[in-house]
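The following blocks contain the structures, represented as structure tokens.
Presented sequentially are two complexes of chain A, the first with chain B as partner and the second with chain C.
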Partner chain A sequence: MNRVKIMDAASLYKSLGEPDRADHLWRYTPWKRVHPSGDLGEIPNAVAPKLTLSCLDEDVALLGISIEEGIVGAEVLPESDEVTSSFIRAAAGDSVYTLRVENNFVASAPIVLDIDTGDSPCALHLALDVGRHCEFELITQVSGAAPWTGFLRSGRIGDGSILNDVVIGHTDSGTLLRVDSIAIGRDAQVRVGTVSSGSDRTKADLRYKMGETGGHLNVLGSILSADKMHLDHHVEIHHDAPETFSRLDWHSACGGNSRTVGTGMLRVAKGARGADAGQLFHNLLLSEKAEADSIPELEVSEHDVVGCGHGTANGPVDEDQMFYLESRGFDTEEARDALIAAFLNSTLVEMGSDTLHHWLAEHLQDELADLSS
Partner chain B sequence: MAAKEARDAVGEYKAGWHDPENATIRFDFGLSEQVVRDISALKNEPEWMTDIRVKAFHHFESRPMPTWGNMSMLEDIDFDKVCYYLRSSDATEKDWEDVPEDIRNTFDKLGIPEAEQKWLSGVTAQYESEAVYHSIREDLEQQGVIFLDMDSGLREYPEIVKEWFCSVVPYQDNKFSALNTAVWSGGSFIYVPKGVHVEMPVQAYFRINAKNMGQFERTLIIADEGSSIHYVEGCTAPTYSTDSLHSAVVELIALPGAHIRYSTVQNWSANVYNLVTKRGIAHENAKIEWVDGNIGSKLTMKYPAVILKGEGSHAEVISVAYSGKGQHQDAGAKIHHLASNTTSKILSKSISKDGGRGSYRGLVSVSPKAENCKLNVVCDALILDDGSRSDTYPTMEVANPSARCEHEASVSKVSDEQLFYLMSRGHSEEEALALIVNGFFEPFTRELPMEYAVELNKLMALEMEGSIG
Partner chain C sequence: MASDTPVLGIRDLHAGIDDTPILRGIDLEIPAGEIHAIMGRNGSGKTTTANIIMGHPDFEVSEGSVELNGEDLLDMEPWERARAGVFLSFQYPQAVPGLQVGNFLRKSVAAIRGEDAAKGTEFRKRLKEAMEELDIDRSFLGRYVNDGFSGGEKKRFEILQLMLLRPKLAILDETDSGLDIDGIRTVSKGINAAVRGTDSGALIITHYSRILEHVQPDKVHVLIKGRIVKSGGPELALELEERGYDWLEEEAETTA
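Here is the complex of A and B:
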């Protein structure tokens, strides 16, 4: 079964041409730059990462949530980019797993899924099969020293479930190619957080489909780029059903010679009455050679909407805020660090519970120190 | 009542007539190097202009169609079924009475003489491919202002034209700027000397009157140091069953301390492809403003641009777009901050109705060496009914940390509260909607000369007719 799918994915990838740079998805980070070898016809024999599922509270038993080999259902959304999804599926081979969450599963502490990439090119297709009326928080941490990592998540969040879902890109270096292709169930409330602090190069294509009434989605990003990092995130939210709600809030702090790219697409289909959609990109530029690009796009084909909007703002660390802190005893460096931390924290704090937030903040201390230096 | 008054005042779509095609010279359909050379020879142009035309033609041939915008509509353009040159009057006229009668009737219906008397300091009217009427107030001539149609400008001031032609929009810029450079005819040529302020707006009307007629006017405006000018351009076209192509290029040069405002109200009929490249360069402390209204056409792809090359320069783009049945207005703005302490502002408003599609497509960039730049982009869209669509595609590229950049956009419907408020004060629902739409466009209309603003409000009231129930 898997072999058939592998063949299908590889054949599909090879049948596709090189993506057009006129497409915003590929405008700033062409496919050649995130392909493992740059030889676009080549599909690497990637190894499977090591997966570990645990809970932040060791006393909580993991009943009703499990990682299983193989995938049943959880197809990639047709709205997703075919090049990236087929490539990762082809490279992943047998490295396909399902995170199965039973109906009505509730966890009082965040669940942690560690993905250790090892030190060879690595690929993973993970299907999310979250049942109905679940309520939990999930931290997915991608770490390791692989020169190239492909990570595809497909699946569906069940009706009425409440999920805080945070993915941390924490690899030592190399390239991270990440794809989300996830459907939001009826009346589900989902927060998807992205914390990107590792890898030399990240290309993320995150797409969420709200195809059932009453879906509620918050997409949040805290992006730290330093040195010569190149972090490119594309977030696409499809409002296909009535009374759906989404917000995107993306904060990037950009230092050194690095570059961050944030492209967003809010697509409201005809018939999605009562849709309420908004997206915001904030970029903080910390050095002369850093660069930040934002393209928040809107396509609205339904007139009876609550409202659809987007905004983007770029700027340096605010001088008035610096002055305020310095007048209260901070030295210049401390004041700057505090303001950068506060800037990134404003989205981190929205990603989930206090427990989740404290855990994230602790894990990002080192990266913040690197960024400031 | 407002809508009825508007209809009474404006009549049926006032630009929806056409005169018999009494053209004196008309080329066969289709484009070739020979056609390009023939156009140039007919105008007795200098060799360097012929060379540019030919190079541009080959670039046009080799350049693929854009892969963005509305590709399906673009693919419908058959360049072999376009006439690239048509001259309807043998000479450029200065006296209105000397203009052939049927052409004059057309312009009379557009109200140009009255407009000139009341408001305008000069008129050059593009009828098909060449200017047929041109006048300029004597006091401006005495100040040294040159206001000619582009062909005359090339004949009388070849050295100025050679210096600036293609300096802002090179023919390699895009497929349609190449096409325009290859086959351009007419347009305006304006030079404002140092320190001269043209107090009244200068106006030109452009009009397509023959089916399958391409119109490729070329406008070049140079405002020398410390000068200022406001140029107003209006476009109307008769309704025809086959498609027409309008592909203009406008180049503005604002030298240090100069101020150019370029206002456009285009109301092409709904079969016209309006594919225009407009760009200006602002030197030190100069200011360029584009005020751009897109009401008609089948497909508009137009992104007025400013290159802020000199320190302290400023750019503003205010644009509105109305997209009705079968229309796609793909409009926007591009501003490049190349120098320090430059500022810019973009305000874009669009309305989609009867299945129309309005798109804002913009680019704002700040180069690494441009310190302390400030820019602000605001896009608002109204979708008035089921089946219409609004898109926003803004791009921001910021490579200097001192830049302060803001962009915001919203898409919404007309609020029930606003309608209720106006209806509770005696307006019908249709009138209330017309008032709200005019209020939505008000930041644009207040920047126009009064007669344009009045006409635009009337046109929008007409468009709102029948939109309720």
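Here is the complex of A and C:
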């Protein structure tokens, strides 16, 4: 039985103890490093962020999509890590909201959810309640100057819905602890994109459950780290139902003294016949002191699968590509920036429509300019 | 600058890679408006010559000079050479996944010909015309640079850049390989348009005389073991087609 049901979040968290560093999730960024104070027994009185829902096209009316206070029926998946999810829930207190999307909701332009953390420790539990046969794109932008931000998303994407869902970690500094605990409905087609270029430290634990037949999921990452940033993303995809499809494609560009970590876990349960799953991590190392670790793992309990694979590739900026761009008049810095942007763009472009991509690409160019200056 | 200063002036060029000599004293001059061809077997130093003019960091020049309109190129970075007016059409152009062709062309034209040349209706008109001349579809602009391009598409794309960048010196390294006869005719038209009647020059590197039927070179040079062993008019290319390189190798050995 899920202990979340029978115990409040704070009690549950306190009952768990410090997570084991041998655990895949905690191997590279121990819980102590992402806890707000490092005193693991302490749960902060976090404030609620300011939420604003809008549409990139101002002429599109937000009918059928809304933010509501409180959470109904969007429990954290039992597959999720109890430490992170219970801690954020405990810290969030009343900062709980639901993004409710009515059945058959369709938007012609991306919806934007701005989450302004303010400048104090901040926490939010947001439930995604996406109805059946919806079709839309959602950009969730987390920004602000909070020294610590906890952001938990739980919920379910309704049957037959098509959703491009991009989360941008754009906080000025501090620590971002992010948890996704999301179920993919029958025949739903979902792209979940992560764009991370802010915060000094990020620990993300992103878990998706393919528990119903025909679900289709693409998880994409464009991660840019610099200075002394430490950005750790753990992605788990659970194929529990037959005929489910998932791909993880994660690109991290790592500069300065920074470190990126990408750990992946693909679990294909017995009975998930016809599952098709793959994960690929690419790391671009931009300096000698930068470090990137990628550890994809597989647990496949079903024999009758289409395919399950994983891979990882690390390397510096390609010298031949540099020479090609320089031969076309790009100076050394312009060529390098163009190659970094191209590397990150390879996954960015897969996150959604041309409109969404254009918006994201502009966002990334701004970040590159900030890092170069 | 004196009017008889060649577009490209190479004198006694010795160069190599990792202490292995490849070029052993090359002299070459290309006057304005002329197209020259270098022919030779694999490993004779043709691509090395192209890379050294463009400034590839892997190669080291031990002796000699390379000048563009009298200006020393060897002290310049590759991008400075490009901005000075050197263009290299690569034998194997690099793919850059994630970098869109349209953005790449705009940035490249802005870097080499100035910001004003890369914007406005004039740029778009020139781009459209050049793409039509080379039979390149508009959808090309949304693709990634050389990513998934066929051999022929890569070569056409190199010539598209040549036409937009309008260099003083165009070096075409085996641009004819990977092209069918129609493709050779099309890119030859682009090369002629970029050089003939202008104050630019071109150096075509090739194994075959096929492209030289469409781009009549003013001079043909034969490179063997890092030296130009013979120069002549366009008829030399035909002679090489008939007789191969053995006779020249023998000549080179007896005079070495």
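By our rule, the second predicted complex is superposed on the first by the 362 of 373 C-alpha atoms of A that agree within 3 Å, B and C clash if a C-alpha of one lies under 4 Å from a C-alpha of the other, contacts with A are read in each partner's own complex, and residues count from 1 in each chain.
Following the convention adopted for this analysis, a residue touches a chain if its C-beta (ideal position, glycine included) is under 8 Å from a C-beta of that chain, and two chains touch if they have at least 3 such contacts.
Keep in mind that this is a model prediction, so the values were computed, not measured.
Enquirer: Under the superposition described at the top, does placing chain B and chain C together on chain A give a clash or a fit?
Expert: Superposition result for chain B and chain C: fit.
Enquirer: Classify the contacts of A:S161 with the two partner chains as first (chain B alone), second (chain C alone), both, or neither.
Expert: neither
Enquirer: Return the chain, chain B or chain C, that is in touch with more residues of chain A.
Expert: B
Enquirer: Return first, second, both or neither, reflecting whether A:T29 touches chain B, chain C, both chains, or no partner chain.
Expert: Neither: A:T29 stays clear of chain B and chain C.
Enquirer: In the overlay, answer first, second, both or neither for which of chain B and chain C A:S225 touches.
Expert: In the superposition, A:S225 touches no partner, neither chain B nor chain C.
Enquirer: By the touch definition at the top of the document, which applies to A:N345: first (chain B), second (chain C), both, or neither?
Expert: Only chain C; A:N345 stays clear of chain B.
Enquirer: I'd like to know which partner A:F323 touches here: chain B for first, chain C for second, both or neither.
Expert: The answer is second: A:F323 touches chain C but not chain B.
Enquirer: Calculate the angle at chain A, using C-alpha centres, between the directions toward chain B and chain C; round to the nearest 10 degrees.
Expert: 80
Enquirer: Once the structures are superposed on A, label A:V300 by its partner contacts, choosing first (chain B), second (chain C), both or neither.
Expert: First partner only, chain B.
Enquirer: Closest pair of CA atoms, one in chain B and one in chain C, after superposing: how far apart in Å?
Expert: In the combined three-chain model, chain B comes within 15 Å of chain C at the C-alpha level.
Enquirer: So which bits of chain A does chain B touch that chain C touches too?
Expert: Overlap of chain B and chain C footprints on chain A: empty.
Enquirer: What does chain A use to touch chain B in their complex?
Expert: Those in contact with chain B are residues 20, 22, 24, 270, 283, 285-305, 307-316.
Enquirer: Which residues of chain C touch chain A in their complex?
Expert: 54-57, 77-79, 81-83, 87-88, 90, 93-94, 96-99, 104, 107-108, 111-112, 144, 161, 165
Enquirer: With touch defined as at the start, can you tell me which chain A residues reach chain C in the complex?
Expert: Counting only chain A, the residues touching chain C are 318-321, 323-332, 334-335, 338-339, 341-346, 349.
Enquirer: Enumerate the contact residues on chain B facing chain A in the complex.
Expert: Residue list for chain B touching chain A: 66-68, 368, 381, 383-413.
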